[in-house]
Structures are given as structure tokens and as C-alpha cells.
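One chain, chain A, links the two complexes that follow: it is found with chain B in the first and with chain C in the second.
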Partner chain A sequence: MRQSRLRQGKTYRNRDWGFLIPAFLCLGVFYYYPFIQSALYSFFRLEYTTDWLHAPFVGVQNYVAVLGSYEFWHSLRFTALFTLGAVALDLSLGMLLALSAYWIHPFFKTLLRIIIIIPWAIPRVIQASIWRWMFNSDVGIVGTLLVRLGLAESPPLFLGEPALALMSVVMAYVWKGASISAVFLMAGLASVPRELQEASRIDGAGGLRRFFSVTVPVMAPTIVIAGLFRTRDALRVFDVIIGLTGGGPGMATESLSTYAYRIYFDFNNYGIGSAYAVIIFIGVAVLSGLYIKRFLERFEFVK
Partner chain B sequence: MKNNKVMITLLYFVSVLVLFSFSGCSQSESAAADSDSNQDETVTIGYNRFLTQAFGPGEVPFDFIQAQVKATHPNIQVELNIMPDDTAGMRNAIAVWMNGRDGTVDIYGMDTPWVTEFGSAGWAVPLNGELPEAENFVQPGLETFTYDGRLLAIPFWGSVTGLYYRKDLLSEAGFDEPPATIEEMREMISTVREQKPGITPFVWPGGKNEVLVMLFSDFLHAFGGSYLDEKGQYAFNSPEAVEALEFMRSLLEEGLSPEEVKTWNQQEAYRLFVEGQALFAWSNNDLVLWLDDQERSQVAGKWGFAPSPARPEGRRVSITGGFGFAVNPYSDVPEAALKVMNVIAGRETQKNFALAWGPIQYYRGLYKDPEVQQANPKAERINALLPYAISRPPAVRYSQLSSILQQELHSALTGQQSSLVALEAVNRRAEGLQ
Partner chain C sequence: MKKTRWIYILLSAGLFLLIALFELGPLMWMGITSIKPAGTEFRIPMEILPVEPTLDNYAVVSGEDFRIQDAILNSLIVSGSAMLGTLLLSGLAAFAMARTRVSHKRRSFFAIQAAGIVPPIIIIAPTFVLLRSLGLLGTLGALIIPHMSYGIPLATLLIAGYFAGIPLAIDEAARIDGASSIRIFFQILLPVLKPVLFSAGVLSFLGSWGDFMHAFTVSLGLPEARTVPVAILSFSSAFQLQWAWIAAGVMLSVLPVVVLVAVFQRYLIGGLTSGALS
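Presenting the complex of A and B:
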């Protein structure tokens, strides 16, 4: 009997490993293999070729070149600014949307949820094109609205001024990002016990007090995870910039990812491009690690 | 619970089956392709969707090439791999293929600024002596696509930039000729503006784009500058270059061009001119073909096209562009690809390009053909600019140089740095590429 249970346990363990194989295969082929290959390329001088076997080995020279370049620090500064702005707005708007969808009259609930989901379903590049037209200073709706509301004398040059271009990119990004956050947070809201809300209401707590003292603490793990995902995505921002500003004006909205892309595909410098990619990977991994250590360990589900 | 286990097991087997079936499919497809290659050969052309469109009386160029190849080489099939419309996207796709030594396309479109870069990387089969029809091309057309003595592509369409002007408005203001100098242009603008205060004086593509490099190249020469100094070093920081960039900025500061030009690409830039709201527009010769079409243009019969004006000490120039077809060195069917290339280089195909797309083609004597002349009544207007034609800045890593120029010029135009600082940065960074 005991032997049979042991055998059964072993079979289950084998089967569990079997279930993991497709995931490991996909991760290996699409994530780990390209990363290992990039890490390898980053130690060779590779221009217009990826034939590293016949390319000169340059040690850490590519890393030195990246870290010594103006473009790297410039795009790092932009990416940091963008991430701060985008994640803060993303989560705040996402929370507002989630709360609206949760507390709204049941009649409108489905409609609001559909409205929240729609931006999520639109590909980033198409979304960037839509926003490019909306920000167009000639015919764009945003500029026209500002003028009609009396907030501007003439439509601002959203994509031609550095500060406005940064704001435009953040807005376009958040339009979709907030809906992604809202979906996360709606799930979190569902986990807040109604009894707690009721109890605090009976105790005389107002809406804001209930939100900050009951809802937010209970939802904290969900908010932190949503924040982690949104930070990781914002640090890698690419398509919305390519579609909206092309990194301009000048280099004002060039992010780490868009500049890495340029080095790879416009300049065909695969050695330096790979060093760039590895540095971004390490940066994102370290930040994510710190984030997980700082916040997630507080919650029960991290053992 | 039991149902869940059954479902999970089922899902597992389905996913494994899907993975295997994908690999199985690709194997069987490649096997089929191998067996086909013994009978027929397929040559794939990589170019954007324009190859499937005709803008004049000619046939759709791709259909024409297919028919010509079928008539002369019945065992060769020609297919089209539609590539991105924008040249940067097209270039990147080609670069990825070349790096992977990939034969997805056997023939691909090569833009003129890529020649040095692709030639030095060995990304095109040298065509010298391979195509009998190449003998019939005028030399400047072939020289554009020659690197280090190797002919890399056969041109099929070319372009020049210039200044579009409103003939009617200038005439009303007492000017019979377009401006030859910058000073004349300024004078014309102020005179016309007095009569028509609502007119936008000058529109141009000032967005962060390749065409900004072409525009700056034009003004650089107009102010007496050049790409290189006597020692062959880049001279983007010369006083003339700074003056040229200052002139571009002054157009914005003095309200001669709308602030929006800083975000415009070529199409956005000429819109106001086509709508009859601008006096001058800088663009390439594309508009010549349809600006007299009343359905598309508000300025039909009221416009002219001339080389850009220059300072007395400068030089009037037209910046060239255009595409040629090149053969992929990693093609699986190089001989068939060369046969197709010879068809493309042939008189009939080049004539069809002239009929379908309009100028510029470089096949000798093509524009003496009455049919071509009839289909291109405006060809003379473009030909008048050819003596002014010059190439874009020379560079082994052109895409990198172009990117540097776009960044720094646009930074200066948008007021993030001064013209001098921007051009010093261009020169410093460009020297690093040599």
C-alpha cells in the first residue's frame, strides 16, 4: 500500500514536470536563448554581421562604449522620467476606473467594463497613430478642445516641444495602461470583504477614510503586483514612442528600448546593441528584484 | 477535481500536438519547396506596395514584370514580398535578412543612400558584366548605385527635390520668374503677403525624418557650404552650415513658416500648398505628376517647380533620391534572379515604369519615346532640375550619419540647443563614424 502511494507520488511528480515542459520550451526559445545570444554578442565587435565566430573579441569595450555615450544617459533619464509619470498616472487612473466599475449601478456595470477593456484590445502602434492625429496641431482634437475651452490661444505643438512631447507620450501610454491596471485592480477590489466596508461605515468612517483605511490595505498585494508589472512595461516602452514621436523632437523622447533598437537595426551594430540590451535587462531585473524584496515579502503569499 | 485533471492532461497533450504539428508542417513545406525547385524556379522581389500600383497609363509594374518574365523565361515564377512603405522599415527588414544570410527575397529595392553601406557590407551581388541591358543606361543613373567600382543595383525610379511656387500669385505681385536667391525669395514673400495676408509663405518638412537631412543638405549648399572640406573631413560645422540652419530657424521665428513644420513629414508639409494656402513648398518631384489634377489639387495650372534658391556665394542644388533593384547575395536562385533583373533592366519594363509611375528613369532615349512623352507631359519640368542634382552626404554608415543629423538638426529647430552647438555635435559624432 505504502509502495503504491510512493509510486503514485512519483508518477504525479513526473507528470508535473511534464506539464512544465511546454512552458520551459517556450521560455527557453523565446526568452533565454535570445538573451544568452545577446550576452555573447556583447563581447564581440559585430557590425553588419552576427557571425561572432569570425568577429574580433573586444571584452567589455562595448559596455564601456555604451556607458560612456551621451545617448545612453539621455535615454536613461527620459525612461526614468517617463516611468515615474506613467506608472503613477497609470495606477491612479486604473484605480479610479476600477472603483467606478465596481460601485457603479449594475445597469451600467457591463457597459463600463467594456469601455475599460477596449483600449486594452487596441495594438500599441495603432493606438500611437490615433494619438498622433489627436495631437496634430492642425486638425487634432486635443488642441482644438484646449482652444475652445479657452485654455490655449492656439493649439499647442504637442509633438514639437520636448516637455509637451513627454506629456503626450505619457498620456498616450496611460490611455491603454490605465485599462490594464484597472483590470488588475478590479480583481483586487473583488477580494475586499463587504463586511469590513459595512463595519467601517457603521463605525462612522466616510468614503475617503474607508478607501484609505480598508480598501487600500486589503488590496495592497494587488496594487504592488500591478505596480511591478506596469513599472516593468514602462521601463521597456517602445512602440508608443516609435509611433508617436519617433524619439523626437531631437532626442527628447528617445527611450532605452528605442535607442537600443536604433543601434541594432538602423546602425546594424550588433555588439554595442547587445551590450545595451544586456544593461537594460540587468537594470530592469535589479529594479524588479528590489521591488519584490521591498514590497512582496510583506505579504503572506511570499514564503 | 477529477474533471480538472482530465482537462489539464488534455490541454497538455493538445499543446504538445500543436507544437509537433507546427514543426511537421514546416518540414513538409520545405520538402515540397525542394521538390518544386527541380521543375520551376521562383524569384521573390522584395519591395513596398507601390509595385502593385500604377499612377499613369502604364500597367501595374509588378504585373508587367511577371508577364515579361513569363514570356521570356517560362520556368521562372516571380513573386512579390510586400515590404513596409517607409524606407527605414524596408531597410531594417533587409538588414535582418542579410544578417541571417536569408534568401527570403532574391531581389530587393535599394534606396540611393544605402549604396555605400550595403556595398561595404557585401549585401548586394555585383552586377558588372552580368546584365546585358545595363549597357543601355545613362551613366549617372548607374553611378548612383555603384560602390567601389561595383554596380550594386539597376535604377528603376529616381527623384529630385525642388521648390514649388505659386506662379499665379508671384505674377500678380509682379514677379515673372521663381526666386533664384534667398533674398529674392524673402522679397517675394513680403510683397505677396501684403496682397494676401492670409497666405502661408513657405512650407517644408521639418519633422525628425530622413527628408530633414535632404532639406538641410539643400540649404547647406545654398549658403555656400558643403558636406566635406578640402581635406575630405566632414564640414557640417562650417560657418555656412550654421548660417543655413539659422536661416531655417529664422523662418519659424519670423513666422514665414508655421511652427507646425517642426512635426511635419513630406506629405504633411505639402498639404497646405496643394490646398492653395501656401506660396512656396519644398518637396520632391512626386507632386509634379498630379498637381494639375483638379480633383486632387487646388492649384492646378497655377504652379511651377524650380531648383531651390541660394545665396549669391552659394549653389542651387536638387537632392536626389530613388530606388534600384539589387540581387541578394544569399539568394537560393541567383541565376534566375539575374535573368529577372535583366528583364527589369530591359527597355519595355523601364518604359512601363515611366508610363505607370512617371519620371525619372535612366534608360537611354526613353524620354524620346512619343508614348512616354505623352504620358509624362511634365517630364520637362523635372528634367530642368537634373543639372542641379547632387547626392546626400557621403558615409559608409549612412543610416547612422542620417540619424545623427536628424537628432541634432531637430534639436536645434525645436530650440533645445543653438545651431552652432547642434552642428558641432553633428561634426564630432560624424567624424567618429569615419
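Presenting the complex of A and C:
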């Protein structure tokens, strides 16, 4: 048996690479190749062209230009604030949703789960359009309700003032993000052993105490992974901003990705745009590296 | 005992309504806006419930000027084909890494997942140039093939994770009987993989359905290559003052995926939980 296995191993080892080739061909053409191209672009002066073979090599000048520009630090600051707010709200609202789905009477359970994941299915840009209408300064439902409930004197200019615009973008983003987090966390909650809950209940721990001293520690790995995952997505934020504020007012809600996109396709400066993109990539890659490493540790490979 | 039961049910109902309002409120508001006669959505004071409900806006968005149904059809074609391609390629790749004796498994797995972390913004410009030189800009091909590739990392992750739970004895028995790897994959393992194929399928479908940056860039604004997100964004910037129309467009284009998610919710939650993130 052992011998035949070994022999099989030798026969199959190389032929079965055929199964991997189609996937790698696609990834090669649409991930590795454009990635390398972008990395190359970032070292050349490329305006209105991407032909780096015939463009002047400028070394790290593009990076120096990006790091020395007001726009970079401005969009970095926005992206960082956005990410902080979005991830914190995503996870805490997601946790509340997951706890509700876990706690609620079985009669409502399936329907509640469907309702929770519906925002997930709606494309971000469409979601942004929906919220743009809801945040309308004259006839938006949010402003009108605030006024009618006596919480504001006149409808706030949600998309017209920088701080409010940031909050509006976060709000629109979190509507969907909380659903995504909730799904991750529901899985984590299901893995908390019932006996542990029971034991601490018998010990006289109240609901809140039980949550923080039993549920949260057991779920910690899930929360960390969900957090990494959500942070990675928030750092790339693009669609919601394009659909909701278009980067405005002024460039108050311009994120790293939306500004890089502008440099590419409005200013046609592929060298500078790529330097931006590479910097974003480095930030995202560090975070995602942690995530993949965790998964690799758990994945069992057939030797 | 009986009393606490009733309180529990009552509290549950209250909680349910609260969450439903948060999750579905924005959609309901779009629904309400979509049945107001165009123009009356700007009335002050606001009519929270439509005074003279009408379906005219739906006729407008499916009429000559908008043709939202074309965008929905485009999206269905693109996301459906991309999903099938993703599942096939990812299934084969996951099979090779989990079940065969190819070399460099760990490296391959890492290389596939590394692709998944590449932010769209870093590949968009060279991809645009590549698709332009292939003459694909403004066609559905410029969407289907890249979307198929973009789905591979997540789908491979899920399917490879699922393989770990399938006993090796199944394919070893077949191998001893002399079955080829291709036969083992398609005839023996594929039926067993059904649940994960559903969840990976729904996820890659939604990924493609929601894509905006790539779809917007390669469609060049042409109606024949416009997917749902691109169409809705271009309506809402072109018809800023007709929100009743935009709302009707949003409602129609959101409908297919809401149905999809409601039907497959079990697989959606199950897929994410079993494979990658537990």
C-alpha cells in the first residue's frame, strides 16, 4: 500500500498541474501582470501614456512627489478617519445584529437572518445612491425626520459640510458593512460552547458580564479576523464615495483610492497614480498578510 | 413560566421590527419614492406616504430613455458567466492542491491568496490598457473574463477548506480502481462539493454583480456594456432632479439579488462560516 502510494505520487505529481494552470493563467493576466505593470509605471514619468519602455525613468521621484503633496496626506487622513469609524461601527453593530439573531425567538430567526443579509446583496454604488437621496438637504428623509422629532431646527447639510459628509459616508458604508460583520460573527457565536454559558450563569454572572467574560474571549479569533477583513475593505473605499459625495465638498471626502483614480483617469498621470496605488497596496498587504498567515496555519495540506 | 415566555416573544417581535427598520428602511424609502408621481418627491412639507401612488416611474425607467432592463440583463449575463467560470477554475485548482500530488502546493495556495489582497486600484490602469489593446473595451467580454478571475481567490479558499472535511478514502478507492484525476474530480468529488459550490457561487456572483470600479472603467459609458451599478450611477448623475425615476430603477435592479439572497441565505452564511472564517 505504502509503496503503491509512493509510485502513484510520482506518476501524478506533474500531470495534475494541469488542474492549476487555468486558474493561474487567469490570475496571471488579470492580477500578476497588471500588478507588475503598475509597479513599473511608478518609476517612470508617464503622462497621457503608459508606454514605459519609451518614457524617462525617474527612480523614486514619483513617490517623493506623492509623499510631498498636500492631496496625499489629506486623502490619507480621510481614509484613516473613515476606516477607524467604519470598522468600529461595523463590528459593534454587526455584533449587536449577530447577538440578536442568536437570542431572538426561533419564530423570527430565519426571517431575521434574511433581513440582515439583504443590504449585503446591494451593490455599494446603488447603496450610495439610496443614501444620497435620504441625505438630501431639502427633502431627505433623514433630515426631515430629525426636524420633525425636534432634534434639529433645520435639516443639516449632510453632504455639504466636511465633518458631516465624513459621517454620512461612514453611515452609508456601515449599513452594508454591519451586515457583513454580522454574518462572520454569527458563525463565531455559534461556536461558543453552551456549557460555558450555562456554567457562568449558574455562577451568577449577569448577561453583560457573561458577554464580556465568556463570549468575547471565546470569539476573539473570529472578531480579530472579521476586524482585519473589514479594515482591509475600508482602506480601499471607493464606490460609496463616488456614489455619495463624489469626493466633495471640495475634496473633503476624497479617499486614497478615489484620488488615485482621479490621477489616472482625469489627470492621465499614470506614474504618479501608480505610486499612489503601490503605497495603498503596501498598507493593505501588511494587514492581509496577517489574515492569510492565520489561514495557512490552519489549512491542512495533503502531503 | 408562561408569563416570561410571552415577554420573550414580545421583546423578540420588538427587536425584529427595530432591525427590519434599520436594514430595510432605506429600501422602503426608495420604494415609497418610486411610486410618487415624478416631481412630487420634492414637495415641502414632505409627504411621507405617497398621496397619489402611481407606477408611471416604472414605465419610464423601462422605456426608451433608460432601459434599465438592458442593464439588468447585462449584469445577469456577466455575473452568471463569471460565476460559472470562477467555480470551474477554482474547483479544479482547489482539487489539485487538496487532493493530488502536485508539487509546490503551499506556494500555489499562497500565490492564489496573494492575488486576492491586491487592491483594485493598483491593477485598474494596466488592465484598462490591456483590454483596450485586445479591443474588448465596451463589450461584455471586458467584464466577464476579469470578473471570473477576480472571483478565484475567495472561491478557491472556500472550496479548498471544504475538501479538508471530505474523507480521502473516497477518492483513494477510486484511484485504486484506476480512475483518472479528471474522472475523480468530475464524477466523484463534484457531487460531494455541492454545498460549497453553492456558497462560493453566490459569493462570486455577488462580487461580480456589485463591481463598480472595473465595470465603470471598461464600459466607456456605452449602454451595451453597462451593468446595473454603472447604469444606476449614470442615471443618478444625469437625472439629478428625477429621484422618483431613479428610485424605480433602484427598486427594479435590486430585486433580482434580494430574491437570490433570500433563497440562498443558508448557503451564504454556511459557506462563510464553514470555510474561511471559523
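Assorted remarks:
By definition in this document, the second predicted complex is superposed on the first by the 262 of 303 C-alpha atoms of A that agree within 3 Å, B and C clash if a C-alpha of one lies under 4 Å from a C-alpha of the other, contacts with A are read in each partner's own complex, and residues count from 1 in each chain.
One rule holds in what follows: a contact is a pair of C-beta atoms (placed from the backbone, for glycine too) under 8 Å apart; a residue touches a chain by one contact, two chains touch by 3 or more.
Everything quoted here is computed from the prediction, not taken from an experiment.
In the overlay built on the shared chain, the residue A:A190 is in contact with chain C alone; chain B does not reach it.
The wider contact with chain A, measured as residues touched, comes from C rather than the other of chain B and chain C. When both complexes are overlaid on chain A, the residue A:P22 reaches chain B and chain C alike.
Of the two partner chains, chain B is the only one that A:F267 touches; chain C does not reach it.
In the superposition on chain A, A:I126 makes contact with chain C only, while chain B stays out of contact range. By the touch criterion stated above, A:A205 is placed in contact with neither chain B nor chain C.
Within the superposed three-chain model, A:A80 lies out of touch with both chain B and chain C [touch as defined at top].
When the shared chain is aligned, no partner comes close enough to touch A:A55: not chain B, not chain C. In the superposition on chain A, contact of A:L159 is made with chain B only, not with chain C. Legend: residue contacts after superposition of the two complexes on their common chain; A:D138 is shown touching both chain B and chain C. Counting contacts as defined above, chain A residues 15, 19, 22, 50, 136, 138, 265, 270 meet chain B in one complex and chain C in the other. The touching residues of chain C, when paired with chain A in their complex, are 8-9, 12-13, 15-16, 19-20, 22-24, 26-27, 29-30, 33, 41-44, 46, 48, 88-90, 92-93, 95-103, 105-106, 108-127, 129-130, 145-146, 148-150, 152-153, 156-157, 160-161, 164, 168, 175-176, 181, 185, 206, 209-213, 217, 228-230, 232-233, 236, 243, 246-247, 250, 253-254, 257-258, 260-262, 265, 268-269, 272-273, 276-278.
Contact residues of chain B toward chain A in the complex are 8-9, 12, 15-16, 19, 88, 91-92, 95-96, 98-100, 120-121, 123, 207-209, 259-260, 262-263, 397, 399-400, 403, 406-408, 410-414, 416-417.
Of all the residues in chain A, the ones that touch chain B in their complex are 15, 18-19, 21-22, 25, 48-50, 136-138, 157, 159-162, 245-252, 254, 262, 265-268, 270. Residues 4, 8-9, 12-17, 19-20, 22-24, 26-27, 29-35, 37-38, 41, 50, 97, 100, 103-105, 107-108, 110-127, 129-134, 136, 138-139, 141, 144, 175, 179, 183-184, 186-188, 190-191, 222, 225-226, 229, 232, 235-236, 238-239, 242-243, 256-257, 260-261, 264-265, 270, 273-274, 276-278, 280-281, 284-285, 288-289, 291-292, 295-296, 299-302 of chain A touch chain C in their complex.
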